[in-house]
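In the two complexes that follow, subunit A is the common piece, with subunit B as its partner first and subunit C second.
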Partner chain A sequence: MDMQVPKKKLGLKERYTLMTRDLAWDTSYQPKEKVYPYADYEGIKIHDWDKWEDPFRLTMDAYWKYQAEKERKLYAIIDAYSQSNGHLGVTDARYLNAIKIFLTAVTPLEYMAHRGFAHAGRAFPGPGARVACMMQAIDEMRHAQTQIHSLSNYNKYYNGFHDAPHMYDRVWYLSVPKSFFDDAITAGPFEFIVSVGFSFEYVLTNLLFVPFVSGAAYNGDMGTMTFGFSAQSDEARHMTLGLECIKFILEQDPANLPIVQRWIDKWTWRGVRLLSIVAMMMDYMLPKRVMSWKEAWEIYFEENGGALFKDLARYGIRMPDCCEQIRQEKDHLSHQVWAAFYNYSAATDFHTWMPDEDEMKWLSQKYPDTFDQHYRPRFEFWREQQQKGNRFYNKTLPMLCQTCQIPMLFTEPGDPTKICYRERDYKGSKYHFCSDHCQHIFDNEPEKYVQAWLPVHQIYQGNCFPEGSDPTAPGFDPLAAVLEHYRLNAGRDNGDFEGSEDQRNFEAWRGMAKRND
Partner chain B sequence: MSKVFIALQTNDDTRPIIESILADNPHALPVESPAMVKIDAEGRLTVKRESISERIGREFDLQELHTHLISLSGHIDESDDEFTLHWND
Partner chain C sequence: MQVAAVKEYAGTPRDGVENFHGNQLLYIGWDDHLMFCAPLTFPFPPTLRFGDIVEKVLPGAYGYHPDWARVDWSKVEWLKSGQPWTPHFNRTLAENGLGHKDVLRFRTPGLTGIQGSCS
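For the complex of A and B:
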């Protein structure tokens, strides 16, 4: 007689093996080198792709299930938030300027990350890596979409949210994030995954998505809190992929170590420079603050990143050389970057302002060694000038770093009174850098970085005016022409927050929300 | 020994998860921030399926963690019953 034997449920590890590796096959019509043409040229040697372990062991069916659940939650919250006029519950309309930066500087990067991981997933010969990259490519698309959906609610009411993709390709400060990702996705698949999967995701994105998003929640922005944490729930998987990838590459062949170390050095510095804008968002743009940039830095970079590098030491990986400069800069970064944006506020898609007295007190307390000495006097002077109707706008375009494309605003290591400049001659032209580290990155790959599209150079060359402009015509206003090219509404989207339309509207609408007139 | 951490959203679904983690890892320390909790632990931290199932009164699948996770650090070892974070140093 037949006995019905209950089928044993497969364990997680077996399910993962069956649903990923066992679904892969070797090509026979075409040689491997032709199917994976980008697998070798970076010099990384892989002997056995089967050694790749995805510790999360997430299979596609489980992936769809959990992602769908995250989406349902997210959209329910977004709907409730917009239906109840949630935007009037944020602490202060100043806060929304941080979110404008998010939409123009971060969301397009999510889309670029989607493209990069789709490419890396196609380029890696190993099935474990391919599946993990494919999931991340889909996640990144989801991040771009959920951010656009969540933030479109603000576009109904506030200025500056109207054309993020157009601005991303043109606006001067947005060339910083754009060039960062363009640099990463034009590298080979291994460098891409070390740059984004490891240096950026593992070492740095916690700073943006954890304390900043917690700050969004603290400031009543349910939209950002929801997409932020929803994105970050995928990030845990991405960071794991980054770490796994580094370990895998290093374990495969000792010759990989110097290549990987150079990438880690490069991308840690590139990432740190990119995050300088987040430093300013945390210290200056959140009306209610969870922690200072410096405190977040100590938790997520020094403590957490430090643990990571200690762990990788057994492979011969050392902390990047730039870490000493990074340690010194944490006391200065947010103030220097905010000062620069305050200067150039006539050419941004968001407003800036000088902190009020309470906020200055908070800054002094959080930065006891630097704020009162180096930044408060300048900020008080600017505030006074603004109150006298003499708001300072810098009309001279700044020199940019050839590598990170940030204006020369950082100071010399060890001397916060002196701007740091480095210079290099290459094939008859001069190139400028914000730091030794940006210069070293250039020195390693000059042919890549000489091609940089530097906004200031482009403006001076006449490439950033609307089509048909005649810069020689009498009365031609170059700044106005550049802003038009950016699709920025001068006088509405930019300038000081004090007296802005956003400020007036927010006050009026919040008043209406509490009265029946 | 370096610290590992796991950060979770604070909501009704995560309350029993956080409780279980703290009960199973006496050396772990919760740090609360708006909308989230970060649990730090020296060296190693283990999330146990059974402890969570007991608290919520139904079978819990450890992969449900994905819905509430904000971030983590350390190497991961995941099986049907346990989810462990650790450093190798």
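For the complex of A and C:
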């Protein structure tokens, strides 16, 4: 006789267990080391993966439902924004240059984060960590997609938005974010999760997203604001995962501590160097400022990050060594980086400009100890020259740091008048660095960083010209050839904002939207 | 540890001198003139006369600066890898002992940039 057992509705915890950990099995045809070949080589010791606490009990079916709802809202807003010519509502066309950098420098990183988490999810032997990484991998793919979809609206009207993935692999300044993420995904799964899941997502992501999303809101950019908020609920999950990972690794074996500390030191520094571009966006590129870079740094890194490291002290983790230098640099960073992009504005997919007098006043007020003394004279000189039709462009390629790949624009700690030079010999060759911290990163793994693809050196090796060009031909113009290789439209995408097509079009279109002629 | 890797691993340096078509790299920075945001990178043949750099190349790179015309080359102080160094203008880079990826800085006493701001 058949007994019909009524189906019992599963509790959340039971359901979660069945749909995650219960899907895992121990291999029997192949030894575990062969199935998980990347689990041990970094030196991290894990004794019991079952001790992994799942930070959020999310199952795949619930995940889809939840994300689908967010997508519906997001695309409804993007549609409304584009149908109502929302782009004409931004404060000023200068603002769009910050968004160009976002699309070329940040969106490709979302995609790389997707790849990294997919790889870490495959590589970790523990099912709890695997599921969490898989979901984050899907989140990151979604972030890349939603950003491309929202920002493609601007590509219809403005220059420089047309070929982000192509530029990401080639344009000189984009080698900075690219090398950051390439470094992370070519590390083992544990270093990856500490670099991106913890150091970046937990410690630094607020400095990217909060000012950026608030910056978009302040400057009337509904599209960017919307994808920002849509991603933010994922970020909360990612941050929890990053923190859980660190704690889990540290609790598993005391020998893990020095390795994790070295990674935190390294990735905090690499992250801070990467964010120097965000510093300049906040202080120079948002027509309506949210707060200064220095203020954001104090709130999100010094206060919030400080509290976090206090919390981790019970595991033996201390603040990274680089924090002292970072504290000194916060008064200089945005000005130095903006000056560098102003130097090389002929070779970027976005425009630069000198701040007007009101903006300089704001900078003096936000940076009372440094701006007037070190930066105002330079910027006023450049502004005068530009107004006389003698706009400054640096025509010689800069020297780059072997590790962070940023031009050597940072000054000596304690002396903002001198460039900081560091060098070391390795196997008979010289390598140069912007700082002690970039040099230490190299020193720990020279065999990795000797391979750095430094854009300036690549140009001089002849590797950045269009296929078939002959650099020895008479009249060969190397800069034009490099820009063509970048797929950058010289005279439209690059150079000063003053007099640019973007500036003219924005003014004309906005005029049309307001007038009846 | 030279690199964290699953097996024996050696990287191939990407910037060996053999990749530069007969040139070697020389980095040059002008101290106290941060209008030029970073030191510059130049590809030069080792047979180039050092004086040609100063006389023919650097004016194109630095001539925009109002201080450039005031540089007194008899008073310029050079640093190589941060150490005092004296170039021979009539000798080549190789004869001056300059190798691939060497870094030079020059100081121009009395010249401290726009309004003395080291710009």
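One rule holds in what follows: the second predicted complex is superposed on the first by the 501 of 517 C-alpha atoms of A that agree within 3 Å, B and C clash if a C-alpha of one lies under 4 Å from a C-alpha of the other, contacts with A are read in each partner's own complex, and residues count from 1 in each chain.
The rule we apply is simple: a contact is a pair of C-beta atoms (placed from the backbone, for glycine too) under 8 Å apart; a residue touches a chain by one contact, two chains touch by 3 or more.
All figures in this text were calculated on a predicted structure; none of them were measured in a lab.
**Student:** A:505 contacts which: subunit B (first), subunit C (second), both, neither?
**Tutor:** Neither partner.
**Student:** State whether A:232 touches subunit B only (first), subunit C only (second), both chains, or neither.
**Tutor:** The first partner, subunit B, only.
**Student:** Between subunit B (first) and subunit C (second), which, if any, makes contact with A:215: first, second, both or neither?
**Tutor:** It touches subunit B, and subunit C stays clear.
**Student:** Take the contacts of subunit A with subunit B and those with subunit C, and give the residues found in both.
**Tutor:** On subunit A, no residue contacts both subunit B in one structure and subunit C in the other.
**Student:** Can you list the subunit A residues touching subunit C in their complex?
**Tutor:** By the definition above, subunit A touches subunit C via 37-38, 41-43, 187-188, 191, 336, 339-340, 342-344, 373-378, 381-382, 392, 394-400, 407-409, 411, 417-419, 421, 423, 427, 429-432, 444-454, 456-457, 460-462.
**Student:** Inside the complex, what are the residues of subunit C that reach subunit A?
**Tutor:** 1-6, 9-16, 19-21, 23, 25, 27, 29, 31-32, 34-43, 60-61, 64, 81-82, 99-103, 105, 113-115, 117-119
**Student:** For the complex, which residues does subunit A have touching subunit B?
**Tutor:** Residues 11-13, 55-58, 62, 66, 69-70, 73, 206, 209-211, 213-215, 217-218, 225, 229, 232-233, 235-237, 239-240, 243, 290-291, 303-304, 306-308, 310-311, 313-314.
**Student:** Quick check on the complex: what are the subunit B residues that touch subunit A?
**Tutor:** 2-5, 7, 9, 33-36, 38, 63-64, 66-80, 87-89
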